[in-house]
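Two complexes, one shared chain (chain A), two partners (chain B, chain C).
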Partner chain A sequence: MKKTVYGFIILLIFLLPVLYIVYEALSSSFSLPFLNIPCSILVSLLSNTLLVSIIGIFFAFITGLGCAVAVVYYEFPGRSFFEAALCLPLAFPPYIVAAVYKEMTHQYYQFGAGIENIWGAGLIFGFTLYPYFYLLLKTTFQNQSVIYIETGKSLGLHYRQRLFKIIFPMAKPAMFLGLLLVIMEIISDYGTVQILGVRTITAGIYDTWFSMFNQHLAAQLSLVAYVIPLLFLFIWTLFSRNASFYNPPNRWTPVKKNTLAAGQAILSVCLLSIPLLAGFIIPFSILVSWAIEKLKITNTAFLFSNLFNTVILAFIVTLASIIISMFLHYLKRNSRPHSFIHAVCWIICAQYAVPGIVIGIALLFLTSAFYTFPGTRWLVSSIFLIVFACIIRYLCFSFFSIESGMKRISSRLDELTRILRKKSIYRIMHIHLPLLKPSIMIGCIFTFIIVAKELTMSLVLQPFHYSSLSLRIFSYTRIGMIKNSALFAIVLVLLSIYPVFSLSRWFNVQESIS
Partner chain B sequence: MSKRIITGVLILVQIVLILSCSTPPKEVRVITDRTESHLTPLMEYYTKKTGTKINAVFVEKGLLPRLEARPQEADIVITSTINLLETARSKDLLQAFTSSRLKQKLPASFRDPENYYFTTSYRARAIYYSKDRVKAEELSTYEDLTSPKWKGRVCIRSGYHEYNLCLFSQMAATMGFEKTRSFVEGLHANLALPPKDNDRAQVRAIYEGKCDVAIVNSYYMGIMLSTEDQRDWGLSAKVFFPNQNDGGTYILQSGAALTKATENKKEAEKFLEFLVDDYAQQYMGNTLYEYPINDKLPLSDVNKSLGDEQKEVVDGKFKIHFVPLKEIEKYRPEIIKVLDEINFDNK
Partner chain C sequence: MLTIQNLSRSVKGKKILSNINIRIKSGTIVSLLGPSGSGKTTLLRIIMGLEDVDEGSLSFGDTLLSKGKRIFIPAEQREFALVFQEFILFPHLDVYKNIVIGLNHLEQSRRRIIAEELLELFEITHLKYQCVDTLSGGEQQRVAIARTLAVRPRVLMLDEPFSNIDRKMKEYLYGRLQDILKQYNMTTILATHDHAEAFFFSDNVYVLKDGEIKDENPPSLLYTQPADPWVASFVGDVNYISGYDLKTLFHFHNQALCDDSFYLIRPEEFLISKSGHETNEWVIEKIEFYGFYRTIRVTLQNGKKINIKDLNRAHYTVGEKVFLRIAKTGESIVLQSAQKRKGTDHENNS
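On to the complex of A and B.
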């Protein structure tokens, strides 16, 4: 009973923004929604969003899959370097990459079509978001039981047949999770599409809310943006209802790697360098050259305070997310499958599908009452609101990371502590936490780098006299002076480089524990 | 154990309550959609001179919804498009200023008749044209940009941007809605590129040869010429003040107002007075390249040279088409409807 109450309270808090949006969307009229959006606008916003998503997902998927296969199944010079380095584009916010490439195409290719179109946006997303696919697929491939592959071999399947009939189908859940993450990132993105002049649904929400002052219409559009990823999720559950992706854990052996011949090795190194160059090395070196060029006129007075604000925000959100995720898992582990708590966890993680701008605006209006009382005003006039918004949107990263670790802890260990009549806090502190350390670290890293890059919610909720690295960079970028903020961008990327590099390491530690 | 925790939390809440209640506002809080780097030097100067701290939040977009959600958040609103202030007033978010100094300094054309808001500076929504490919004689009015000779040669930023909404609405208030609709449609038909990016990017497109004329604010010329990376863009184009023989060029006004919920009216009004003082006005003229509301103040050198190929424009002084602000806001919904219908931003 107590669990249900806790679950209900947490659910309500996390659902606040969506409930507000539903209320706004329905309160305009009780006629059919969307009647007051001109059809052509809705169609073009939706088709732009879908096209960018499809192109982005296509490139991200192909790149992520190729990299994961190469790194897991083959041995070639520099393999372990690529294994870690291929995650590096995660450290780059897509809008900075977009701004860098836009500036470059203007400087050196000014008479061509440039990248300010749907294809450009899709490509940028592909190169910056492929690490999601890469990391998920890499872990799945590494964990896949050899039993399946050996069975395939004994049934006389060729190498390629094994790949397409056993390995890839078994990785479907990872592929789907990657697809969901990428599509949610693209739909909720504001900076990148704004810089590239592509009007996706977020641009529509911005314009209807901020230029037309039509919050009902904006809320209706927000719901559309929220529903698209959920639709994918629904379709997936429908299709995978009868499928199971069971992986026998107790006979895990490292994947045997095929050593590539010299020619093939050179080719794969070249191919693997493409995403690394496009998604990290090129934009980073351009930023460095700009920072040196503009060092004299760059206003470094704000650098440390902006860095401090970014780190503090990311740190608090990370810490809080881990604590909440642990609490949710504690509730979940003690409840039956398909219970209310499981549904709560699922819904909370789905909040990642709410575009940042929507959470921002909803919280702005929902907390307006707090502003009238001096006693609670500090709460909404500090970074607390941004922290809150980030926790709502990004909790799924820590939750899923911990979940992957939780699944590996045998329930027999829990039973053992019960037999020994230890309190549940003992179980968490002395058994779960040590075993979960790598999963928690992965959750921390993901949450930290994503919050450090966060822009949209900070734009809406920023308190007085506040700025962070991403806000500063965006304010320069929007007036076409990205070069002057190159130093800030470099600092933001450097902040995430170490965590990103150590991601691979923690993934490996996680394997060795299980 | 739990009792101790509860007591601790209660004490903490008490401290916070006492702290938050006991600090009276000693500063002026400003919410603005103007560019941070433009406004900050002015605020710092004011703090240095008077000791009053100016605390600002720079909201790129969504100034009005934010003010609506938190009316008590700021003492002063400063915006780059004054018509937002008319909307804010209609939502009962502003209060009239009472300072006699303000009333005395502000010309009637730059202040709301009921003193709810006023213009701090203004700029022309001008036409930029390529130095090499277009002659000043080929240009005349905004409406002329819809003629077939400009097909595929015009650039403009998003139609939904405040600057354009304000221009189109002023046109609707002047020449009627139907004529404005055909202007917007004609302009859309003549565009060289889909409307996107900011005003400077339109001039850059002229520099890159992607279009020959663009509708851009006048002060960007000064800003581009004084920004190292953008100098070439500015040098490739010239500024034309349209409709000089026909009503005048439309202007966009930056404005300021007192919020209804201000707890600090006296200090806030002092800062508003400062904004119309010669120092601030000259700053806006010489550093931001806008036009001061006091026409006795000298124009910056760049602004003096604008429109030098037009005989009607002498020393950069051009004929302004004043449209009452209440009239401008009236047409916003209809203009947006037209933009939606022709899908203006999707070329």
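On to the complex of A and C.
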């Protein structure tokens, strides 16, 4: 009973923004929802969003899949380097890459027709978001026991048949998770599409709220933006309801890598260099050259204060997310499957599907509604709202990381501590926490990177005189002064590089554990 | 005919297989019998083409499959098939799709006919569209074997196929599989650590220990005339009895018997009775009940012990005095002369 009450309270807090958006969207002066949205605008916003998503997902998927297959199944000079380095674009927020390439194409226009269109936005998303597919597929391929491939060989299946009939179908969950992450990132993105002048649904929500001051329309568009990822999630749930994809055998054997011939090895190195160059090396090098060029006029005081704000925000959100995730797991542990607490956890994690702009707008609605109450002004004058919004949206990262660790702790261990008459606190401190340390660390790293790069919610909810690295970079790039923010961008990327490498290493550790 | 010549394989300096020579005639069923770590699975994987070797050659008929580290025909082109110990069904496919996965070269209608025939043979038609995760161990095993038979391999290899399933299902599958293998007239290699399984299925049994072939014979010969004491004790229980004891305690006379040597006699060769003409009274030390038979450990005052496998239903109690004799006379019961060894699972001292 106590668990249900706690679960209900947490659920209510996490659902507050979405519930408010639904209320606001449906309580417009017209009885039919969406009647307020001009059809042509909605169609244009939706088609742009869909097109950018499809192009972005296509490039991200092809690149991620190709890279994962190359580093897992083949041996060639520099493979270990590429295995680690291909994660690097994850450290780059897409809007910085977009701004760099936009500036470049402006400078050297003869090289192309510019990237300020849907294709350009899709390509930028493809090159910056492919590490989601890459990391997930790489881990899946590495964890797929080689015995499945050998069974395929034993049944006379050739290389291509083994790929398309065994290896890829068994990696469908990883593919879908990657697709979901990428689509959520694209739908939620505001900076990239704004810089490239593509009007997606997020840009529509932002403009409706801040330029047209139309709350109802913004809420209705937010609802549409919320429904798109949920629709994907729903389709996947339907599709995978009775399917099973991975059944680990008792004996796990690592994948044997085929050594490539010289020509094939050179071709592989060239192909693998493309995403690395496009997603990291080129934009980073350009940023470095711009930073050197503008070093004298860069305000280092701003740089340090913005860095401090970014780190503090990421730290607070990470800490709070880990604590809340742990609490949720202790509510969930030992409760029956399909119980209320399980549903609560699922709904809370599904908040990642809510685009950042939706949460931001909802919190703005709420605070504007309560603004007249005494003692509530601190809500808008502090980073509380950004922290709250980030926790709501990004809690799933820490939750799922801890869950992967929790699953490895047998319930027999809990029973053993009871038999030994130890208290719950002893169980948590001396058994669970030491075993969960790696999972907690990975949750921290994931949350830290995501929050440090976060822009959309910060943009909507930033208090006066507050700026973080991402806000500073965006404010410069918006007015075409990306070069002046180059050093800020480099610092933000460097801030994420170490965690990204740790993440990559952790994925390898998972492989060896399996 | 599958021919393996002088095959050796080592991993990190440790010999896994050493000088293996095997010839398997088409249509026969042979077993690789040996304890865990004896190299059975490695040998199957080498025959399948999943692992290379240091030395030796492997050929099928006139075709050289591999020689030394060079593999001439890769696994997927050998038309051999291996059923792994863990079944390894593809979890993303249902039973039917698992069975037809290797039949891509055939038309849809032909695939369906083959699958339905096998589903019927293995009595799993009702599971046709079921997710493989929901199947029991026995059902999974049947699907795995049906899937392998569907591709009609020239050589079928089964790696400990019954180790993960319960006894009753195992007995059912023994009969079913033997009938099907005979019907398909398929060259089959079975790797197992269970001598009863090997005896039941095989025309010929190869006994492996530490990567070497210790013995090779049809099952009945292997049981009665094993090559050495280790093989004798691996394929059944044995008692070690000295030549002197055989003469004095059991009046077993043979010119070849040497007083100081030890001889191996199976427990079922002894007969136990409550009365007899024998001079020595044995005392029952322990009785173990196994359903249709019992093992009874008897001891003499001087500490000599013998294990007996008793199929009679006479009532005995621990501490009771009994008489013992050897059921048959003749050399066949004396398996081997050997130096007395200590500490192995399959031996008992007399």
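The rule we apply is simple: the second predicted complex is superposed on the first by the 485 of 514 C-alpha atoms of A that agree within 3 Å, B and C clash if a C-alpha of one lies under 4 Å from a C-alpha of the other, contacts with A are read in each partner's own complex, and residues count from 1 in each chain.
By definition in this document, contacts are C-beta pairs under 8 Å (C-beta built on N, C-alpha and C of every residue); 3 or more make two chains touch, one makes a residue touch a chain.
Just so it is clear, the model here is predicted, and its values are computed rather than measured.
Colleague: Kindly classify A:Phe464 by the partners it touches after superposition: chain B alone (first), chain C alone (second), both, or neither?
Modeller: first
Colleague: Tell me which of chain B and chain C touches more residues of chain A.
Modeller: Of chain B and chain C, B contacts more residues of chain A.
Colleague: Does the superposition put A:Lys172 against chain B (first), chain C (second), both, or neither?
Modeller: Touch status of A:Lys172: second partner only.
Colleague: Who does A:Gly156 touch here: chain B (first), chain C (second), both, or neither?
Modeller: second
Colleague: From the superposed pair, tell me which chain A residues show up as contacts to chain B and also as contacts to chain C.
Modeller: Overlap of chain B and chain C footprints on chain A: empty.
Colleague: State the interface residues of chain A toward chain C in the complex, per the touch definition above.
Modeller: Spelled out, the residues of chain A in touch with chain C are 147-148, 150-158, 161, 165-166, 169-170, 172, 242-247, 249-251.
Colleague: Over in the complex, which chain A residues touch chain B? Could you list them?
Modeller: For this pair, the touching residues of chain A are 38, 40-41, 44, 106, 110-111, 116, 197, 199, 206-207, 209-213, 215, 361, 364-365, 367-368, 371-372, 374-375, 377-378, 380-381, 459-460, 462-466, 474-475, 478-481, 483.
Colleague: Which part of chain B faces chain A closely enough to touch in the complex?
Modeller: So the residues of chain B touching chain A come out as 16-17, 19-21, 29, 35-36, 55-62, 64-66, 69-70, 72-73, 87, 158, 160-162, 165, 194, 196-198, 200-201, 204, 208-210, 227, 229-230, 332-333, 336-337, 340-341, 343, 345-346.
Colleague: In the complex of these two chains, what residues of chain C are touching chain A?
Modeller: Chain C reaches chain A through residues 45, 48-50, 74-77, 79-82, 84, 86, 88-93, 101-102, 104, 131-133, 147-148, 151.
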